[in-house]
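In what follows, chain A forms one complex with chain B and a second complex with chain C.
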Partner chain A sequence: MIFRKSQCGRRREKIFSNICILPSLAGVMIFFIIPFGIVVRYSLVNNPVKKEYVGMDNYKALMQNDAFRKAMQNTAFFSAIAVPLAVILSLGLAIILERNIRGKSVLRTIFLSPLMVPTASVVLVWQVLFHNNGTINQISEMFGREPVDWLSSPKGQIAIIAMFLWKNLGYNMILFMSALSNIPKDILEVAELEGAGGLYKFIHIKLRYLSPTILFVFILSMINSFKIFREVYLLTGNYPHNKLYMLQHFMNNTFNQLDYQKLSAAAVFFSLIMIVIMAVLMILESVFGKDVES
Partner chain B sequence: MRAKSLDILLTFFMILAALLFLIPIIVTIADSFMTSGEISANYGAMFNNMNGSEQTYISENVNLKLIPDEVTVSQYRSVLTANPDYLVKFWNSVRLTVPITLFQLLVALLASYGFSRYPSKLKGIIFFAYIILMIMPYQVTLVPNFLVAKRFGLLNTRSAIILPAIFSPFSIYLLTKVMRRIPVSYIEAAKLDGANELQILMKIYAPLCKNALIAIGLLIFIDYWNMVEQPLILMSSDEAKAMQPLSVFLAQINTQDIGLAFAVGVVYMIPSLLLFLYFEDSLVDGIVSSGGIKG
Partner chain C sequence: MIIIKKELSAIALAACMVFTGCGNKTSGSSSVNVPAKNTDSSSSVQETAGNKEDTVITIGLMIEPEDKGFIKAIEDFNNADNGCRIETKLMSSRFEADGGEHGWTEDEVANVDFNTLQMIMNEGGLDIIGGSTFGDSAKYELLKQKGTFVDLYQFMENDPEVNTSTLNQHILELNEIDGKLYNIPMFYDVHTIISKSEYGGTTQNWTIDEFIDRWNSMPAGSTIEGANCAEYIFFNLLRENLPAFVDEENAKVSFDSEDFRKMLEFCKQFPSNNGENANYNYNAPMLTSPYTIRSVGAAVYNEMNYQTWEQKQYRLRDGGYTLVGFPTSDRKGAYLSTSFPGWSICADSSDEKQQAAWKFIRQFYTEEDQTENVVWKEEYIDDKGEKKVSYSIDNTGFCINNAARKKIAENIISGMYDPDEPVYAQGHEITIDKLKLDEKDCQFIEDYIASIDRWDVDVDRELWQIVMDEVMAYLRGGQDIDKTIDMIQNRASLWVSERY
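On to the complex of A and B.
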């Protein structure tokens, strides 16, 4: 052995750090990556026993499936509205709380608390609020408005968007609060000396510095938006109104039929969409956040 | 002066918003002290059309009621003593969530250490694959999970949910971001004192990441305490339904036994709410340090 002692130690340390990854890597391979390879394969064959290659047939069938299209549309619609709202509103809350308002820490606790409340525990209250003769309709009737059949009409989307925001705003707000406090004060002061207005400072300085956080919050909210099935399931069960029929409902039904081709094609298709969305977000961030990287 | 009146306005607005945020929690807790008669009088109309029963209620309106006419713990008594079903389901939730949280943290602690020490190209590629996997929703990952469970005969057992959950990469992503910011000088100093890698991991990295570990642990806990998707698919047989967690079962309670639903809801939120109140500062600190700011 011609290794000097320190080099030898370094090598052992490197090996140790590699070994640390192994348990996780083994689990990820066994439970996610390898079976996902099988999923991709299933999506290209006609049935799991015969395994004849059929090209894109399963995907074509999936695209023509009404239930899948409906589920895709509803899920996309929900995420397209709920995620940007979750970003903007939590940024708004963070900006207000940054102004040294009284009771800041109590407010922070209150906004964060829904994160730690199981949806199932409070679902009854949501049902009371959004019921036909429920609280929200009673209030809107006092103002002379027509009652809305929240949970069994297209307006149901509003109800689940409210539940989503309730749960997720606090977490996002915490991230924005810390990002806001990390913006270098001297830059803001210089801008002020040069006569920059509040709006200018916000758009040209704060937003730039916030852009990595905005991206992170956006991605987190997007991940969480696909869990909205929980709320919908607990509120309305397996067979909700048309507009509340989510992708997870479709997957559950397809699992029940044990239709592996359809399931696999849907999973692969959806994973591709997620990858495209991520790529777009990364490109956007690298364009917007460029100036700040120091 | 203008700024001051704006602050007052904003404070007022924030208090209003905070009250709105608290409504679901407060109503659930307050109503859990009502008699079941009072509950069905006020909320029973909700299920009138559902079961098509002929029962008549005081009003056909559903009245959100904050203060009980008569404060009683009878709901709790029935939940805790008369009807063991709920406690069994609660215990089911514990038996799923606790092992997932502990083992996922352990796997994540090791893996994040591996990723943050001695970076290499291969590690970078694996980490990137983890990020891709992390953004995949259940609609994607449950299909491979189902195939593995079926292949190894785990379907309709707890392991079908627990095993894949232990290896969920989300916690690794967050924790690695925190660990990468630990200054190299700390490690160099420890090495001079003769610490080996395992000691560096346990004596330096773990304590420095304490808040992040607590925060991630809480996030894992609540995510699985709240689980709905996985049991519906991985534990769907009639025998396995008896092992499903309370989070799935609560939706059915609401229609069957509305007089108890609030108390069960409170019992179910107590563990996570207590953890939250006790660890709030660590949670906030951990969220911030894993949040990608300066990351």
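On to the complex of A and C.
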């Protein structure tokens, strides 16, 4: 009797919870699943007007498209450099600011302030800094160095990596600081009593406890790395130097040309890559952080 | 594992979020205020009662039409007993709420055009679309490339009055896209360059090298088209050679070629105007002058002397002046174009509506309509109080209808459109040493047009922007020629790779 009663109770609970989840599910369907389905559909047709099914032709054409390959290469390079730098530098900053140093809260504010500044305003300042006759070149000329055409040469990648780090370090640092403060102090004290050095404590205790946050910051930084298109677009337009040409340039331009099929194929392809990358990250996190108390 | 699967699903969803939110729409700001669409369709066209059984054809227009001929054509069509009715669907309005004219910004136009495109692609509802449906006619050209419209040849096959025999076939062929005709230009004109043979030689369609050699042989103090300004020369003369550096078939550009370098080096020898207006001097010897041919009357060139206010005429076929064309790498020279691209019929309209749409469109290509509309007439009262009519034959272009074009040529030869009154310029009466036009002059122009195989669709805006950004920086001393060429080649390569 009791068994049947608890079964009925669980079933009722399940039905009730499913009903409660319906509005959220409807929202996810309408705003994410269905649009993604439409994107997949567009990737399988010849153009957005005729909408004739062409199978995988768009994907084949995409792989052979020089502009797409260049965009992928640049985006991958940028993400491979900027994202790890963003994680490592922000972790470093968080560790430094975690200590009781003077001006800690002022420094925190300084690092967070780039987040509050509108992108279009920031771009104007960066233009002044990185222009051929800009501040950085004038300073380097004072030291006898040749000026660098930052925005019209491969060195532009340095400028946009710097812009990305400047914009995102603060937020990542806050996330790490929060995670660092949640590491159990007693484990660190025990380790110290046992004679563990600073490096050992960092690698075997702090990093393990930080692994979920590192994963989260990594994923967030990766998503933010694609948004760098905004700054590059405002600085250099639709067609920058080919080293600054990102995947979103390709997508934006194909959108303007009504080549929705190319745009959609690129989006689906890159989504699949992102899913693989994130799956690998999550597996690494689950292996590295498995002994960590939740 | 179950937890990983759930988390993987969440991350997959996040990835979908990022990429379905991709393709930042940087064109068309949704926060721009534009005049509301006029909900009364055909507001500038008198409403007709119409028969409820009439097939209704919808024409898309960006704003209320101004062309009285077009408005009358719609009214006449609707009043005729033809089983069809035209309605106009306006995408926006030229008027503000208070009745004043709206001043359009680029963003506003882009916004309206974006909404129009989305409507056409997703909802349909338009049967006839043309350049006037958009603020930026490049959108119309884009839709043509996407197969939005029906091939008009299928209607012309069975039409006794409007077909490939009665219309200029050369022009029709130049407007084909993959063998299909999506629009028929009503009138067309020729854009070329003319030069006194003494300076420019007697060869039509010169190359960049020939042009530079001819300039180097000009007497001191000479000008190119009246101005010697680097930007002016590039923009008005050498720009037309840009298509020579784009190989669409192989998705390659060749702005690092010798000819492009020569073009830039040639312009650089002239001073930059730094964005100011160029200084003109029409009294010095001119190597070239722009020449737009809109009627057979252009077979005779008018050489104006601004000191004696005398105009001397030269027959082009006699060789005193030569149509040298724009300097190009491939001797393409001149190009044909139109300000009246006509209309296209949407492929997603029903067969009945397509037939009805053709009934409306075809009227613009009949001999009667073209003869009537190609010449602009203006009535006025002369000094003696008599009613007179002045004619303007150089505003529209050549009729695409063969019979109409021939009729107009005959009228021009007979002097029907010649002005009765003296001609004045800057307050001075012009003395004209007039030559009488004849059949051979008309044939000269017709042969010249037949030799032109380039139809002008504006150089792609994006490509133009890339070239202008770098060329202007070079001409104004901002960067050297190697950097300029390298940047244009670099950026244009991306542009062409995306498209082809």
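Here, the second predicted complex is superposed on the first by the 251 of 294 C-alpha atoms of A that agree within 3 Å, B and C clash if a C-alpha of one lies under 4 Å from a C-alpha of the other, contacts with A are read in each partner's own complex, and residues count from 1 in each chain.
The criterion applied here is as follows: a residue touches a chain if its C-beta (ideal position, glycine included) is under 8 Å from a C-beta of that chain, and two chains touch if they have at least 3 such contacts.
Computed from a predicted structure; not experimentally measured.
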Which of chain B and chain C A:P240 touches, first, second, both or neither: second
Chain touching more of chain A, residue-wise (chain B, chain C): B
Contacts of A:A120 with chain B and chain C, given as first, second, both or neither: first
Partner chain in contact with A:A267 - chain B first, chain C second, else both or neither: both
Partner chain(s) touched by A:F229 [first = chain B, second = chain C, both, neither]: both
Touching partner for A:L112 - first (chain B), second (chain C), both, neither: first
First, second, both or neither for A:Q138, with chain B first and chain C second: first
Which superposed partner A:S152 touches (first chain B, second chain C, both, neither): second
Which superposed partner A:I275 touches (first chain B, second chain C, both, neither): both
Partner chain(s) touched by A:K70 [first = chain B, second = chain C, both, neither]: second
Set intersection of chain A contacts, chain C complex versus chain B complex: 28, 32-33, 35-36, 39, 219, 223, 226, 229-230, 233, 237, 248, 251-252, 255-256, 263, 267, 270-271, 274-275, 278
Chain A partner contacts - residues on chain B that touch it in the complex: 7, 10-11, 13-15, 17-18, 21-25, 27-28, 43, 45-46, 60-64, 107-108, 110-111, 113-115, 117-118, 123, 126, 129-130, 132-148, 163-164, 166-167, 169, 172, 197-198, 201, 218, 222, 225-226, 228-229, 232-233, 236, 246-248, 250-251, 254, 258, 261-262, 265-266, 268-269, 272-273, 275-277, 280, 283-284, 287-288, 291-295
Residue numbers on chain A that touch chain C, as the complex places them: 28, 32-33, 35-36, 39, 47-50, 65-67, 70, 132, 149, 152, 219, 223, 226, 229-230, 233, 237-242, 245, 248-259, 262-263, 267-268, 270-271, 274-275, 278-279, 282-283, 286
Residues of chain C defined as touching chain A within the complex: 4, 7-8, 11-20, 22-27, 117, 120-121, 142-143, 146-148, 251, 347, 462, 465-466, 469, 478-479, 483, 487, 490-495, 497-499
Residue ranges of chain A in contact with chain B within the complex: 12-14, 16-25, 27-28, 30-33, 35-36, 38-39, 93, 96-97, 99, 101-103, 106-129, 131, 133-135, 138, 166, 170-171, 174-175, 178-179, 182, 212-213, 215-216, 219, 222-223, 226-227, 229-230, 233-234, 237, 247-248, 251-252, 255-256, 263-264, 266-267, 270-271, 274-275, 278
